[in-house]
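Heads up, there are several structures right after this.
You will see chain A twice below: alongside chain B first, and alongside chain C after that.
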Partner chain A sequence: MALKPTQCARRSFLYRELENSGARFEELNGSAIAINYGDAEGETAQARKLGICDLSSLQRTGFKGWNMADWLRLQGVVLAEESNITSPQTDGTRVARLAPGEALVLGDYQGGGALIEKLDSTWSMESADGCYQVPRAETNFWLALTGTEAPALFTKICAVDLRDQATSVHSVVQTNVARLNAIIIRGGTAEVPVFDLLSDIASAVYLWRALLDAMGEFGGKPIGLKALQDLT
Partner chain B sequence: MQRLSEPFGSLIDRSQSISFRFEGEQVSGYRGDTIASALLANGITTLSRSFKYHRPRGVLSMCGQDSNTMVHVGQKPNVLADRVMIEADLEVRAQNYWGSLENDRLAMIRHVSRFLPVGFYYKAFYKPRWGWPLWAKLIRRVAGLGTVDLTTPHGYYDKEYLFTDVTVIGAGPAGMTAALEAAKAGAKVLLIDENAKIGGTLGYARFDGDGQSGRKTLVDLVAEIANEKNIRVMTDTVCTGWYSDNWLPLIKDNRLYKLRAGSLVVATGCYEQPLIFHNNDLPGIMLGSAAQRLIRLYGVKPGNRAVVATANRDGYGVALDLLDAGAEVACVVDVRSNPPEDEMSSALMHRHVPVLVGSTLREAVPTPGGGGVRAVKIAHLESAERAARRYDSFACDTIAMSGSYAPAAALLHQAGGRVSLQDGSGGFSVHDLPAHIAAAGSVTGTQSLDYVLAEGQDAGRQAARDAGFEVMSASEPRRTEPKASAWPIISHAKGKDFVDFDEDLQTRDIENALTEGYQHIQLLKRFTTNGMGPSQGRHATLPAIRLAARRTGASLNETGSTTSRPPIGPLTMGHLAGRSFEPVRYTAMHFRHLERGAKMMPAGAWMRPEYYGDARNRLESIAAEARNVRENVGIIDVSTLGGLEIRGPDAAEFLNRMYTFAYLKQPVGRSRYVLMTDEAGVIVDDGVACRIHENYFYVTATTSGVDGVYRTMLWYNTQWRLKVDITHVSASYAGVNIAGPKSREVVDRVCDDVNLTPEEFPYMGVRRGHVAGIPALFLRVGFVGELGYELHVPASQGEALWDALIEAGADAGIRPFGVEAQRLLRLEKGHIIISQDTDGLTTPPEADMAWAISRKKPYYVGMRSVSIQEASGLTRKLVGFEIADPEITQPKECHLVIRGNTITGRVTSVVRSPTLGKVIGLAYVAPDQAELGNKIDIKVDGGEMVQAEVVKLPFYDPDGERQEM
Partner chain C sequence: MKQMQCPLNGWRNIQEFAHGGEVVDEPDPNRCTDAEWAEYIFMEDNKAGLVKEWWCHVATAYWFIAERDTVKDEIVRTYDPSELFKERRDYTRPEALEGKS
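Now for the complex of A and B:
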């Protein structure tokens, strides 16, 4: 029997939008994630052109404070010296340095995040002097925008130049998308970019609809997690 | 039918016929035709009527540079018929007439034109003052451009950002070579042109006797550009201005592009100038380039018998093109007395066309009705400004005129560049261009095609180098002699020798204004409105400068020019607005509220339920929701409340400074009211601080105030440098308040790890536990004055929490309540709402909240101001009042408290309490009115005065037994 998002306590703010697009769900991290929309093969091609994928069920966390960098490095985290750069970790987790005193930790597209689990379980108010947990999984919804047309899509909603020549893989852009604060992380490959986009969880429905509207002229469509996994 | 066969008509597709309607009549054209070219192909030469004298007008520039061709298309006024392409079933109407296009009743104005000089309305209608509204109504009816249809539906407009290394504006010969050169250096180039195809003059003008060199150059350059991967071409695109750092707005279709260019090449060309003579605006009189565009681009023969008047070599090319198109050329009139011979003049001579040198046009003779030309009178020039009285008359239906050229330099002007005009020669040059901007082609005054192409290459190399690419050094720009002489401006005794076609300004209008003393070019423009119409002086500014210079004896450069400001071309409100991005925030339970029939209301960017139920029973619904809280159990979504995490060894000290109360000794597991004042002692926010750990407070703030509180906190701690981290978590947690005598019973059903008994979890306590398996922070707070629990859970689980509590409370009669019921309940309890019961000046003592100020700490933000006010005395005070008499008119919020002739305060909150059965409220009164039992008078709707009694707060459950049970 097909999984309904309401069977899980954790629910993406977008689950109704995904249902309306014909999403098929699987459980991941105690939440229902849209695995596909009924056309796995077509979605893989779509992902190469322009796809939008809700990743809100994937693991993520954050840390901030004046001792953030020391504490994370003490836990074995590889952290960039400069802000706005993402460092891939050995388990597939990525750590984006947002500021000298703030980092965002993203799990992989398979749903894993061993490092996140370790950090969350290690951290406590007693042990972390000057490094504080940020509930990123609850603060931000998470989308992936994929495909060769994704930079063109961003030109309609974002003032930052996200073309290949201006934004390299692993770079982080903290900007405004359709009038919402957003964190954009450039991933994927030189040929097929993948942009992780994290923004205000309460504005998820608004931004989802705005993005679908903006991507219409490029033939962009929602894709499931499977298509994203195939792409990356 | 004036349609020509191929090879004429490079823009039209003869295989696709398109029908549309003009003035209700069916007209057909080809795909690629503009409205104007299709109409002319069908012999329709009058497209609209002029602004002031309602004279018939036809094509002038044939490239959207004038207002003659403005028509109404569908619901859109002021569409340029020589720019917009035809589509099937387009409904086109002419503008500015009363009656019909052929018989415009307002054309009678021309008979009184001598009484309507420029500025007449400044002098004629201001007395008597009562008369102006009547005149205004009449003037607005007969003036104006087009009619706005207020029922027009919203169009879909949007915006897009663009980024390039090099931008080239104008894809004529200079622009194309500039783009190619920059692209060869490795730069990404955006080549922009307002026309449907690139090529500029190469597509229609004639550069030699046989007319082949331009077309060959065009084919070569177009092919080269198509093969250059670094060049992106945008046609039908207008750059409407220049802003700092090469920020350029581009309009294409319904989209506004916001372009940031590393460097810029302006190759915008120049505007051919009309000649000035009597009736120079009749349909059939057009610029030479317009005739060439009609022939070459649209395959339309402009007329059957033409006279070409020129001040330059290009007029000869126009005459040759007219001949090639099968028109008869009665003569060429050259204002130059001794024009140089070249291959074009020779070609013309071989085709036996008479050339009248040293002559000019004096008058066009209209056809009956004035809708066209039937002849032209030509006189010999006795001097640059004087024509002989004797004239020769030539029959013709078309006059093509090529006066001189004015640079299309608006972008360069806006960027800080300057244009110098050469007296007498008709030439000009640009200089003082800022860094990262180059100019090329005829906009700089360079005219010869070879030199234009070379100058484009130079500009392209310079632009690439400016954008950081390695190139050879650019060579010096070439200069050639101007190809035009200054054409004569000779006033005609009968007037109608138009300088500005937009505003129907004649030479006498300009001269009269100069006589009146408006000799500064800026004053002249504003008094006459010369150059202020839709074409923005493209054809009118240069003659006005020349007329002013002639009157004052100053040179053209001393006379100066008017200021160019964006937008250069027409810009719709839709383009400026774009797609409206209006972020809206939904709580985790938003759709559950909708499912229950909630009427939603905005709270900042959030949407909140105002009440649940039918709008027709709004008050009953609110009362029922409130009653259920008092008697049973209710649940309200409080996710929109602000949430801030204050963590670090100095967290308590930080709160102690930010808020008026004391927090250093606040026990872990307890919450405490927080009241924030600014430096002036004014209340700006409130909430509660929950101490979760010795170094960790979870602080709530008002929905609309939290962003300001967060910024204020960051600002102060940047100065204080306390060891504290501040995190904004408002959206991270969903929250509900479950309140009412049965709330403990309901929560207990879904919670097994928090002891909810009053002994273990007293009022103002804070606990952590689980509700239906969801991790939650429990707060015992009492905003509505009943036993209640505020539960904060991770946002992603908010909906599941809501579902669990609704299910658990079903037996107990749980029902959701909205913001309105909450406001009612809190008022019964006497709680204030910041910004409703306070204003931009309210201090804690005025709001009767001195109890929330700690007197034992050395500092909090605003302390000094509050202390000063307490020492100097209050001027107002917030009190509770009630009106027991049910017959009395109920006051409303903001109704005034009056004593004698003095306003002493105002009502801030008022409601008829269903619980207490009387009207209760809060109001500011004079301090001496604040004593309990005093009567205050409130002026209600209609001026009636009602009396209320000052009473003790709270109105409901004064001992707090119900909320602390």
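Now for the complex of A and C:
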């Protein structure tokens, strides 16, 4: 019998929208994640063109404060000197420096996040003076926009140029997307970009629908996590 | 559309920013008169010419300082507040209130 999101202890903020789009769910880290939408092979090709994938069930966290950089480096994290640059870690986790005193930590697309678990369990108010936890998993939803048409989609809803000539892999852009404050991280490869997008959970359904509407003219569709894993 | 250079995020459309008023020296809240405090809180010089103002890049909640020419309608320079504010400012409880809750 097919897994329903309501059978899992945790679910994405968007699970009703995903169900409406025909998602098939699998359990990952105790959460229901849309693994595909019934066309596993077609979705891999769709991901190369233009796809939207909900990653809200994957692991993430954040830290801020004047002592953020020193504390993270003490834990063995590789952190960029400049703001708005992402540093890949050896275990597949990525750490995006949002400001001199703020960082965002994203787990990999397989559901892993050993570094995130270590950071969250090591951190305490007493031991990390001047470095404070930001509960990104509870406050931000996480989408991936994939494919060669994704930069064209962003020209409709975002004022910052995200085409290849303006944005390199691992760069971070913090701006307005469809009138919402959002963090965009350029990932993927030089040939096929993947843009991670994080924004406030209160507007998750609004942005999901706005993006589906905006990507219609480019043939964009929802894709499952499997297609994203195959792509990267 | 007008654009402004955010010291943290680079050039962005002006609609991503919020204006936060003039940069003015704060009087000592324990020693200044009510009139001086009201002047600091509520009044703007609204000068024609070069002004120094607080601006916020809303998407990142990042506050910075912009110098603007209000006659030419030009943004001259933007920079991080640490250029002007180099030390933390702590507030002490006025002696007159000691012992009162």
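Throughout what follows, the second predicted complex is superposed on the first by the 232 of 232 C-alpha atoms of A that agree within 3 Å, B and C clash if a C-alpha of one lies under 4 Å from a C-alpha of the other, contacts with A are read in each partner's own complex, and residues count from 1 in each chain.
The rule is simple: a contact is a pair of C-beta atoms (placed from the backbone, for glycine too) under 8 Å apart; a residue touches a chain by one contact, two chains touch by 3 or more.
The shown structure was predicted, so the numbers you read here are calculated from the model rather than taken from an experiment.
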| item | value |
| --- | --- |
| First (chain B), second (chain C), both or neither touched by A:Ala159 | both |
| Chain B versus chain C as contact partner of A:Val169, first or second or both or neither | neither |
| Of chain C and chain B, partner touching more chain A residues | B |
| Touching partner for A:Ala182 - first (chain B), second (chain C), both, neither | second |
| Partner chain(s) touched by A:Ala210 [first = chain B, second = chain C, both, neither] | first |
| Touched partner set for A:Leu98, first chain B, second chain C, both or neither | second |
| Which of chain B and chain C A:Gly130 touches, first, second, both or neither | first |
| Partner chain in contact with A:Ala45 - chain B first, chain C second, else both or neither | neither |
| Residues of chain A contacting chain B in one complex and chain C in the other | 159 |
| Footprint of chain A on chain B - complex, ascending | 158-163, 188, 258, 260, 579, 581-588, 591, 605-606, 639, 645, 647-649, 693, 695-696, 723, 725, 727, 729, 731-733, 772-774, 794-797, 799-800, 803 |
| Chain C partner contacts - residues on chain A that touch it in the complex | 83-84, 98-99, 159-160, 173-176, 181-182 |
| Residues of chain A defined as touching chain B within the complex | 6, 8-13, 16, 31, 56, 64-66, 125, 129-130, 132, 134-135, 137-139, 155-159, 161, 163, 165-166, 178-180, 200-207, 210, 213-214 |
| Of chain C, residues touching chain A in the complex | 1, 8-9, 12-13, 15-16, 57-60, 62 |
